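Both of the next two complexes hold subunit A, though its partner changes from subunit B to subunit C.
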Partner chain A sequence: MNLVGENLSYKLTEELQLRKISFNFEKGKLYTILGRTLSGKTTLLKTIAGLLMPDSGSIRFEDKNFLEIPVWKRNIAMVYQQFINYPHLNVFENIAFPLKQRGLDPQKINDEVFKSLKLVGLEGYEKRKIQELSGGQQQRVSVARSLVKNAKILLLDEPLVNLDYKLREQLREEFKNIFVNGLSEESIVIFSTTDPREAMELNGEVIVLDEGRVLQVGAAKEIFENPKDLKVAAISNDPPMNILKADLGSNKIKFEDIEIDIPDHLSKLKDKHFNFGIRASDIELNDNGFEFEVELAEISGSETLLHLTRGNLKIITSIEEVMDFKIHDKVKINFKSNRAYAFDEVGNLASSPFRGSNV
Partner chain B sequence: MSKINLNKISHSYNPNDPNPTYALNPFSMVWEDGKRYAILGPSGCGKTTMLNIVSGLVRPSSGKILFDEKDVTDLKTESRNIAQVFQFPVIYSTMTVYDNLAFPLRCRDFSQEIVEERVNSVAETLNLKSFLKLPARKLTADQKQLISLGRGLVREDVAAVLMDEPLTVIDPDLKFKLRRNLKEINEKYKTTLVYVTHDQNEAMTFADNIIVMSEGEVVQTGTPKELFERPKTTFVGYFIGSPAMNLFESETSSNNSVKINDTLIKTATDLSKLKNNKVKLGIRSEFIKIAESQKENVISVDVEKVEDLGNYKLLTAKMGNLTIKSKINRETEVSSEKVNLYIPPEKCCVYEDEKLI
Partner chain C sequence: MGKLYTFLKYFFITVWTVFVVAPFLWALTTSFKDFNSVNGGVTYIPWVDFEPNLEGWRVLIKSPAQGGVDIVEPYFNSLFVTCTASLVSIILGTLSAYALSRYTFKAGPIKNNDITFFFISQRIMPPIVLSIPFFLFLGAVNLLDSLFGLIVVYIVLLMPIAVWIMVDFFNKVPREIDETALIDGCNPYQAFYKVVLPNSIPGLIVAGMFCIIFGWIDFFFAFILTFTEVQLLPVKIVALNSSITPWWSLSASALVSVAPLIVVAFIVERYLSKGNLSGAIK
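After this line comes the complex of A and B, so read on.
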């Protein structure tokens, strides 16, 4: 009954390919594919949709060989990054289109379209022309059209990426509601994104994809708390996790000219040389801390991201407030070492604050 | 480099109508020499009209524009001595990268030494050094945009560099670097930079001063911190920051308190001179804290959901029909039913007719 992929490989170009991807997607669940540009997210979704034929591997759905089923019979709806609508049709006609094609009776079409307009928050807009809508509204029309099909598999390929952040914030909130309330237990939703916060917020099962390979699969919280290696830590944190080459001394952890106390969970590391990982949000301003120089202060939403340097050290810290800093300002910071990670020299997770060193 | 003075500027596309509609409502503003400004607002707010008035592509229906003390209102773009960078790369594709960058200087008969020095310096800052000899058409889209940026920055004698969403086509990783470079260029050469964007994050990161626009009106000018902490209108409270500022319908109750439903909240605002008692209370989710016990300015709310967003938890709660959002520490355990929240009076913003009191 599940959507099951096995060893899917596909080579589009040298840098863009799928390498033996396997998955098992259950009905009634939300899956988030998290990966950077060129990691293969779109290629994977297109392969599921039937727009691309893999070089090898298989996809089965409801115990049928999915690859033998042509695109139009796959019962899939897909929402793209670009807002794709029919420019000559109004909002109602755009959403009704797939139902008219199926030849449903007008009353039924009407009911379904209004139900779906309500879900995406576009009630009252049904007579508008597409050009009269903002980008966010246009994207909601394409989402509504995909919902109305009541497809068994709903694919959303970075649907928020082309919107400005205020709209993204609003639509993300709506997506959560739609996924929780608006979908049947029979549907599989697959949502791709480059944004780890989006993945956290959607709170589904996360598949971390990199260079066409699946690196880790797990609940959003699990990926966040226990990234299995440096690559996953990099992909699943924005701003990226700070990684510092460190030495474990007898009673201190040292990196460059900084020494900090050893937290319990890092005291039993096998290797004395390791990668000390700490999130931007786990570094705090503290008058008794280590002095760093501000390289740039970035503001993201309500957060101030400080890019700091001290000698050869470069770190990023985030403050949950908007603050004014200038380039070359001096700040003092403290590392919350009880929240630190250790990765061994080849990059595998050696200890996490959530699971200790026997990971 | 110049100080730019926009004096009682307005713009209407039907100025002769008895009731003209304004794309840009009358406003006055001074842009200081050597600073970074961002014009921020949703599409259709008038930000490009404002930029076009400064560049000379649009003549304002009323008002004057002065570069230092010189009135340039009737001067054409080419006589205004400004550099412009657009959303998409504009390059001479048959020329080399070097010749592209040198073009604005050669047009103005700068000496070969100055051309050499400036082109190299700009190419260095923008990471274009290794491409200087290549024909510009061979570069990728974002590298081409770097050439456009470089051409805008290569002259030190311009009054201002005007940029209209210049980083749209740039890869996110490179964006960070470029924002930093633009800030450095500004600090080094003291170029006045004016930057139009709809992206709050970009504006807040880039500029010392942000001009927030909405429906043809300048609603606030200030530093990122000012916009965040004291938004002058409820629109700015919504538009700046994520999540948006919490806003509650309320009634004034004493000289400095408001009543939300039946709960009294003390603020640091003098409310004694208001004409009517209907106001809105605004408070950022970052400033609301979980409180141990009932005391002044502590409200008891029903927890609706707590989302773990990794770096923090976002609490959504209800007080009667009002929704309150509060950012809380990820380590904090929150009851799933009732919780007490403290609203610091000094962080409260009170709005009358959507404007800050």
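After this line comes the complex of A and C, so read on.
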């Protein structure tokens, strides 16, 4: 009964292709596809929708070969990152469109449309033209249109990416509510995003996609706590995790001229040489710490991102408050080494603070 | 600055209006004159300078036997040929433009853009190049001197315009709109006429307008491909010029021949100035 894809391959261009992707999506669950631009997120969603025909592989849903069913009979819904609505119809007609297409009776259509309008908070806007709405409202209309169908598969392709910061936060909150309350147990929701925070906040199953391959599948928490390798660590952290080439001494970890104590979970590492990974948020300002020079300071929302250098070392740290730094300022920092990761030389996770040494 | 600008603006608009309207007014007054009012010195204002009469207009609908020139039949021939050819061109042109915009065609080195260029290249070459092939072709299929033959030729001439305008227009309609329609349960044909077409009305109007104008004013092919059975309006009017037709009838015939274009211009202006069409797609 699940939506099962096996070995899906599709080649659009050299850079953009799916390479033997397999998945198993269960009903009533939320899946987040996390990946950078050109990782194949949209291509995968369009393949599931039926807008693209894979070169090889299969998709089955409810024990039927999905690839044999044309798009318009698949009972899916999709929201694009661009705000796609029908410009010649008003808000009501836009949302009613898929229902009319199914030939429901007008009274039923009316009820469903208003229910859906209420869900996305656009009551009273039903007579407006699409062009008279703001970007956020336009996106709500397309979300309403996709919800009204009660589709068995709901695909959301970076629906928040073209919205401004404030609106994105707000809609993300609302999405969570809609996914919890507005959908039936029968639906599969697939949400794609480039933003790791979005993936963590939505808290569904996360599929990490890179260059058309699935790197890791797991609950959001698991991906965050135990990224399988350096690539996943880079994709699932924003700002990216700091990775430093380190040596394991007898009781110290050394990188460049810095030595720090070995935390418990890293004490049993096999290799002498490894990649020391630490999140930007796990580096703190500390007067007794190591001195670094500020290369760039940017304020984003309520935090300050510092790009720091010391000799050949380059790291990024984020501080949970707005602070004023100038270029070439000296700052002292400390690594919260008990929250550090170790990746072996090939890049695979060797040890994480949440799940000691792998070996 | 503001006042001077306003003054200059209205000044130039006035000058231009006079420049455009004067010939029409002149033709209009002339069409109501008779021999004396035309040949007996300059006269301008009806009822003051001269006594208007309808003789010039009457001549147009009288048969040659009654001393008239009878442009009624050529007029309806022209209307029929132009409208039919435009309609067929728009329908075929829109369909092929949609296909060229949305699907990928490939035959060796020939791709979509080459096909589009092939269409428009039909308009790039001078019409005179086509005259002999068309003549021979229509002769071979026995359609010379017939309305149907003219319609066929005009479709060949007008369809490239429709394709060219509509390809450009469809390219501006995001492909995601078609995809959304498919996802919302339309098959590809429904997606086209329920969603893409209603959003392409401005393009259709522009393409239709160009087809009608080019069809209506064509003299060259109407002249070459017809002899005695069928006559189109432009040919008829030019023929009047060289005969003994009086000035007042010539003026009247000139006016009736531009009338449809003026009507088209007004309709289009009304429609486009509603504003909601030009900005339909962001």
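Quick note on the criterion: the second predicted complex is superposed on the first by the 358 of 359 C-alpha atoms of A that agree within 3 Å, B and C clash if a C-alpha of one lies under 4 Å from a C-alpha of the other, contacts with A are read in each partner's own complex, and residues count from 1 in each chain.
Here is the rule we go by: contacts are C-beta pairs under 8 Å (C-beta built on N, C-alpha and C of every residue); 3 or more make two chains touch, one makes a residue touch a chain.
Since the structure is predicted, the reported quantities are computational estimates derived from the model, not experimental observations.
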| item | value |
| --- | --- |
| Joint occupancy of subunit A by subunit B and subunit C, clash or fit | fit |
| Touching partner for A:297 - first (subunit B), second (subunit C), both, neither | first |
| Touching partner for A:323 - first (subunit B), second (subunit C), both, neither | first |
| Subunit B versus subunit C as contact partner of A:196, first or second or both or neither | first |
| First (subunit B), second (subunit C), both or neither touched by A:105 | neither |
| Which of subunit B and subunit C A:49 touches, first, second, both or neither | second |
| Contacts of A:185 with subunit B and subunit C, given as first, second, both or neither | neither |
| Gap in Å between nearest CA atoms once subunit C and subunit B share a frame through chain A | 12 |
| Residues of subunit A defined as touching subunit B within the complex | 37, 134, 164-166, 169, 196-197, 200-201, 203, 221, 224, 237, 279-281, 295-302, 307, 318, 320-324, 327 |
| Contacting residues of subunit B [partner subunit A, same complex] | 42-43, 171, 176, 179-180, 183-184, 187, 198-201, 204-205, 223-225, 227-229, 238-244, 284-286, 307-312, 327, 330 |
| For the subunit C and subunit A complex, residues of the former touching the latter | 174, 176-177, 179-187, 190, 195, 198-199, 276, 279-282 |
| Subunit C-facing residues of subunit A, complex | 46, 49-51, 70-74, 76-78, 80, 82, 84-88, 97-98, 101-102, 129, 131, 142, 145, 149 |
